[in-house]
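First the structure, which I've put down as structure tokens, then a few questions once you've had a look.
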Amino acid sequence: MGLVFEQIKTEGLAQLSYLVGDDSAGVAAIIDPRRDVDIYLEKARVAGVRITHIIETHIHADFVSGSHELQARIGAKICGGKSLDYQFELQQLTQGDEIELGKVKLQVLHTPGHTPEHITLQVFDAQQGEQPFGIFTGDTLFNLDVGRPDLSGTGTEKELASKLYHSLFDVLVPLGDRVEVYPCHGAGSACGKSIGDRAQSTIGNERIFSDAFQKRSEAEFIDWILGDLPEAPRYYFRLKKVNAQGAKVTGCVPTLQPLSPADFQAAMEDENTLVIDTRSMLAFGGGHIPGAINIGFGSSFTNWIGWIIDADKKLLLVTEDTHDVTLVTDYLYRIGYDNLFGYLRNGMSSWSKAGLPLQHLGEWSVHELNEHLEQVTVLDVRSDSEYAKGRIPGAKHIYVPHLEENFEKLDKTQAIATYCGSGYRASIAASLLEKNGFENVINIPGSWSAWKTAGLPVEQ
Amino acid sequence: MGLVFEQIKTEGLAQLSYLVGDDSAGVAAIIDPRRDVDIYLEKARVAGVRITHIIETHIHADFVSGSHELQARIGAKICGGKSLDYQFELQQLTQGDEIELGKVKLQVLHTPGHTPEHITLQVFDAQQGEQPFGIFTGDTLFNLDVGRPDLSGTGTEKELASKLYHSLFDVLVPLGDRVEVYPCHGAGSACGKSIGDRAQSTIGNERIFSDAFQKRSEAEFIDWILGDLPEAPRYYFRLKKVNAQGAKVTGCVPTLQPLSPADFQAAMEDENTLVIDTRSMLAFGGGHIPGAINIGFGSSFTNWIGWIIDADKKLLLVTEDTHDVTLVTDYLYRIGYDNLFGYLRNGMSSWSKAGLPLQHLGEWSVHELNEHLEQVTVLDVRSDSEYAKGRIPGAKHIYVPHLEENFEKLDKTQAIATYCGSGYRASIAASLLEKNGFENVINIPGSWSAWKTAGLPVEQ
Amino acid sequence: MGLVFEQIKTEGLAQLSYLVGDDSAGVAAIIDPRRDVDIYLEKARVAGVRITHIIETHIHADFVSGSHELQARIGAKICGGKSLDYQFELQQLTQGDEIELGKVKLQVLHTPGHTPEHITLQVFDAQQGEQPFGIFTGDTLFNLDVGRPDLSGTGTEKELASKLYHSLFDVLVPLGDRVEVYPCHGAGSACGKSIGDRAQSTIGNERIFSDAFQKRSEAEFIDWILGDLPEAPRYYFRLKKVNAQGAKVTGCVPTLQPLSPADFQAAMEDENTLVIDTRSMLAFGGGHIPGAINIGFGSSFTNWIGWIIDADKKLLLVTEDTHDVTLVTDYLYRIGYDNLFGYLRNGMSSWSKAGLPLQHLGEWSVHELNEHLEQVTVLDVRSDSEYAKGRIPGAKHIYVPHLEENFEKLDKTQAIATYCGSGYRASIAASLLEKNGFENVINIPGSWSAWKTAGLPVEQ
Amino acid sequence: MGLVFEQIKTEGLAQLSYLVGDDSAGVAAIIDPRRDVDIYLEKARVAGVRITHIIETHIHADFVSGSHELQARIGAKICGGKSLDYQFELQQLTQGDEIELGKVKLQVLHTPGHTPEHITLQVFDAQQGEQPFGIFTGDTLFNLDVGRPDLSGTGTEKELASKLYHSLFDVLVPLGDRVEVYPCHGAGSACGKSIGDRAQSTIGNERIFSDAFQKRSEAEFIDWILGDLPEAPRYYFRLKKVNAQGAKVTGCVPTLQPLSPADFQAAMEDENTLVIDTRSMLAFGGGHIPGAINIGFGSSFTNWIGWIIDADKKLLLVTEDTHDVTLVTDYLYRIGYDNLFGYLRNGMSSWSKAGLPLQHLGEWSVHELNEHLEQVTVLDVRSDSEYAKGRIPGAKHIYVPHLEENFEKLDKTQAIATYCGSGYRASIAASLLEKNGFENVINIPGSWSAWKTAGLPVEQ
């Protein structure tokens, strides 16, 4: 009996939230909850603790916070850093503030940088001694990475980068090597440039393993962090607003209804709808509904949905099977896509059986691409930095989120082969091209990864 | 592909609801949904059908209907029999009305008796042929029993009994022996006098096995059905009103919070609270919080909660373990107990460790009772008909739901041993006696069942 | 308390097994268990009954019986009909034998026809009265169908058809319309010609709805049942032997290991291995491992695996995702494919990224096929009776299980478009053609269903 | 993609095992598996890794290792430290040995102390850098504690204590404060004297928080660790032998069968059987089967079963409900109690209803005890060190595992009130006394915890 400490991983968001408390006193806090909150209630029940505090380390940009949902269910207090941005009532915490959870205590450090109001929470447990054993770092410090200072979209990145330097070097490092680090994100999140595989670390491990800590001066650090920043996903600005206002309470994840091929087709006629095909690229290539956009369900699904798909559109979903429907719905809910119209019942099989039209994409292996290199326009849809490091000879380059505003740079009558790192983004790109009138589009499964492994010629 | 047909059993209510539809057309109806509706959404998803209709065979008295909850989640249409009692918009169905669900069709029979507006639904499936293969009988016809006509509490039982006779003999029997019967309740529900163990039957099986169908005339039938009716649970009148109005939508089952012994004790001081101890009788006897009422969690939990506990009271729960908390919460939700304050964290173990007072009940085997028969007042808390069939020599008799208004018939200074069929109701009674100042109360685990099995003397 | 009665559906086999017993006495039997038996143990635990008898209505041909697995776990007695075929100790039951399960009783009827030793079990429950309320009919009587008499492969079908006639008309029909029918199979099983959608029925419903019962004489019945029998799946003969001997006990479903693309490729070099690609046809068409056979995971997966794939081959699996791996493994286990080598880790995505070769199939909508009808050989791979009822003009016909012995009838240098009812079997056929050197193979998703729905020209 | 790292907690054993590997390479190891191994197979499947190595940090004494069970399922290699004790083939690892798991590497440190062959594994991940980020410490180092050197029962504790000192101070501490510590046990395990609440730590956190590291010299350390060692649970010697031999493979956790009261009673007549009542103390006190031993199901269940119950006895179980049966069975399986006969169907309710005899224990609150202190012998069954720190005035003292050999020190005709820390062990003791002829036994729920909280007089 004593400390309760659980990390909850949310796969599609590469997000980490926490239940921390004291089961002797029977109280606990949730740190950085996601929007579908049942898991926290269940874990609290099993642990025998009452959730008394819901704490936001900062205003999240990459997912809808579950704080209001949780509060609606159990009435706990929402706490966060000090900021004028919050448009709802919460307990604003400043440096040194303490939250008592029985013999466990959270003490606030102000660690601006990723955002101005960002706080880090030190965890004290009377059983362990008088020092904190660990810290909840939110998006200040990750495994092998630190929080990006450029996600607010307000041009404050340099100022925030400077603050981040001081948060890291003057606030966190002095806590000592031994202190455990519990961040808000793992590998795959765009809140860092390139977060490592581990869901936790120590100050010392980061100090010696992480590039960020190898910088000799503030200037060098700022140069480094702002130097090759990937572009901020555009939906981050939207979600920041949602969270600053406090997300609308829905009570539960919405239930999506199945649509017959006929009903699905009818719904497509509304200009405001989009068909999202969440199947794998090979299945999409084999045959899909004309006009569908292929964003395959998987770990980066939410990222590309967020970036490519307008949250105001009404979505029609195509999934590989019924099992995927609930997963996809959960993922969309977590990033605030609440305008879901339905999904195609029994998937593409029912569409085909109804005698409805199919569209196809070529799905060429890299060997096939290499053989036909002269006959196609090769389009690299990776980010600038990936492109810069090496590419297929002669490839044009448009980063996938910018494709829609750059169609005019491409020739609709020419065959176009799209590639990225693995084929995933290339398939998004291929579907967007096709939807917009390109007649001969080929996707390259395996893409750059396969090209290199196969030892094919590279242009630098 | 074609007919979808699933029976959903809800244990604590002995309730049966149904998903019926056509997965070729992708549509389905829910018949008589319970209040926690996730199970229907999940089953519809797996079956690949959209729920287009929610059908109430009648206005239920024993549970809160989930029709409004379901409608809030997926927007389907609520349908029911024709009645002025309904205080919300619904599609009122009359004899001969049809609901098309692809190649499956539901056709309405008006079968008043249990209630005036009661409908039975015939199920036609084009694949099976032109006749209905079965009927959803709601509370008109159960396995080995028929619906009680006396639950409205408005003195119309004779009239309804007559209608029931005609519904059974003139409407259902003519459908033919082969027709399958899918009722709304199984064994344990008080909507019948003594429902059989089976969750389904056939017209023919009921015609030859069920007492109701052995009656030669309407008069004989009415005499029989009104003859030895057990008393109607009082909460049925309350729930009938709730369902006629349309239950309030909550979105999800409430989450109950754990309370420390100190918080629990503090909450007890509010006069409007009641402590419900859901543990088994032996655990309750071994030690309990002074003033707690013992209604053990199990198949008849909702019935006795409904009957004994005022729905306006704020409830404090004691459970055997944390696992039980969610089950108990579900059960209470299903019968509309929404005023739950919390549960004792870590159960009685935390109470004991906090050095708080314990109260005990004697838990005598029938052999111990037999030895001390002269020293105690023996109180039989079974129903009148059970008591009439045989009892422990010299036992007084008060049916447990009437105990609270009959305390003055008992001597508070005397030792009182309570018994029922198994000890379950006797333990409720014992706890009520103790809470109301009786000083020496003994419960008899095994009770009448044990007494008879042990071959002890019986009074008739 | 009393009767326990649960039907357990096993999807991939369209199989129905039963737990029946008496929870007052605490005993039960399992009827026709499948091989992965955990579900029975769990249901018995929840019901509070000890499994004392395991009953086989007959020697199954379409799945590996779980009787021995169950016996190894809990030591119950195996019972079955009287037959010299059984090569293990069991209690052989003959007409009139009774199995007592507390107040529930099973009484044996000998109902030969589907097999010579087939028994039907009448269920008596003392609570219901003195007559049986229902029967476990095994493969004697299904919804809208009866058991095929030709599955033994020993030329006894005429004799068995005659016996079946008497079992149905002289043994079952006299039980009365009201009697409930609980069969061993539902729609999709090849143990009948065309089993209906319902998992249960009544004698009366079958008597009026089922073709089998419209026959006026034994001769007419025999003509009808043997008249248009679909071919018996060849693996039925193998499984009949397995079950007559008593299947080997394995203790649990095998755990399949993931293989890297390199390990997978290495394993393919062994001549004795086969690659089974369980993805949907569109995904397979989009890109697959050269030489893979496409048998999509779904309700008819076991049937086509059983028919097409040699059980002695070592299998390498490709699945859409990791979630499918356990489902596929369960399904293969149920039909005795124990020689599983592993599955491709991360599916086709890892294969593509490794730069390994991809093969493609054209996946044409029926409209595309119609446009190119002159340029391809159209191959109908449906059964003879399906083909006879109408086809795409000019289509050749080879039933998919006979394709491998009829390759010489087709021209390897010509483009071949395969179709079936939906595209599922056509994709199996297309993959077999491709594996065997056909260079230009096209599958038609939607196939005959789409062709008809689209109103394209038909040849009769 | 890269590092896979999962900690698996096994509640009843306070045990921690690990899946560690590389999902790019698709390989992983399991560290210190428990006997019911399905969880590892499932986690490996989800992670997309093949288990290639099973590693024992040492020969466990407190649970049956799952290494052989796992090997039987998937054929991986078992590895462990170098020891002549192992009586099966395994890969013996010595200082510096490396196990490659893709880009993850485990490197062996020899850290004798808890046992002579004990190894610690350093985890290197190429992504993190060239240093290990953490260590699997087995039973060498826990949160706030270190492994006891006295569990072999061979009188080598002083020698091992010395080795442990060097393992800790000369091998582990030099790795650096930042290094993460992943032990084999958490709070509640008797492999340490008093393990802290955390399931992980860092070298630095232990160095400053743990008593063990405050010792100035080897001699001081040895004095401290051997100074107030609690007695080693006797079953540890048995399990060490089981694990040195390699536990028998069973394939799955056994399925326990329900017994009717009559069958249960009949089985009790066999001298070799014991009735274990796993209900809570209050339920046991309220009424139990004469002769039953009360070891309540919960976190210390396995410890007291192991210590008090002869593993050769045939066990009959009484549980609170059916849900507990599988949990209890799992727990017993994990510590090698394979001789389970069955459980009482429907628990004590069926026993009572059968009219069978009940025995009762008084369950006094501390206030009731205090009032009657003069009339009873008070028996403290806590450990020597607990007793030494303070007790109820006048209490006799026998540590519960020694009770059976010390009955003669107590007067059977006198009322005896047993207490411990919470009442849990006192109830074991009370049931043992009663089973052995003591006629008036009272248990004290809350026990010492309640006595102190209530401010009652204490003797030191």
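Assorted remarks:
Labels A, B, C and D are assigned to the chains in the order they are written; within every chain, residues are numbered from 1.
Just so it is clear, contacts are C-beta pairs under 8 Å (C-beta built on N, C-alpha and C of every residue); 3 or more make two chains touch, one makes a residue touch a chain.
As the structure is a prediction and not an experimental result, all values here were calculated from the model.
Drop subunit C from the picture and the touching chains left over make up one piece. Chain centres were defined as the mean of their Cα atoms; on that basis the chain farthest from subunit C turns out to be D. Inter-chain centre distance (subunit A to subunit D, centres taken as mean C-alpha positions): 41 Å.
If you average the Cα atoms of subunit A and of subunit B, the two centres end up 47 Å apart. Here the spacing of subunit B and subunit D, counted between their Cα centres, is 43 Å. Note for the complex: subunit D touches subunit B at residues 279-288, 320-321, 323, 347-349, 351-358, 360-361, 363-368, 422-423, 445-447, 449-454.
Remark: subunit A residues 25-26, 41, 45-46, 48-51, 73-74, 250-252, 254-255, 257-260, 322, 325-326, 342, 345-346 touch subunit B in the complex. Residues of subunit D touching subunit A in their complex: 1-3, 5, 125, 127-129, 131, 133, 143-144, 176-180, 187, 196-205, 207-209.
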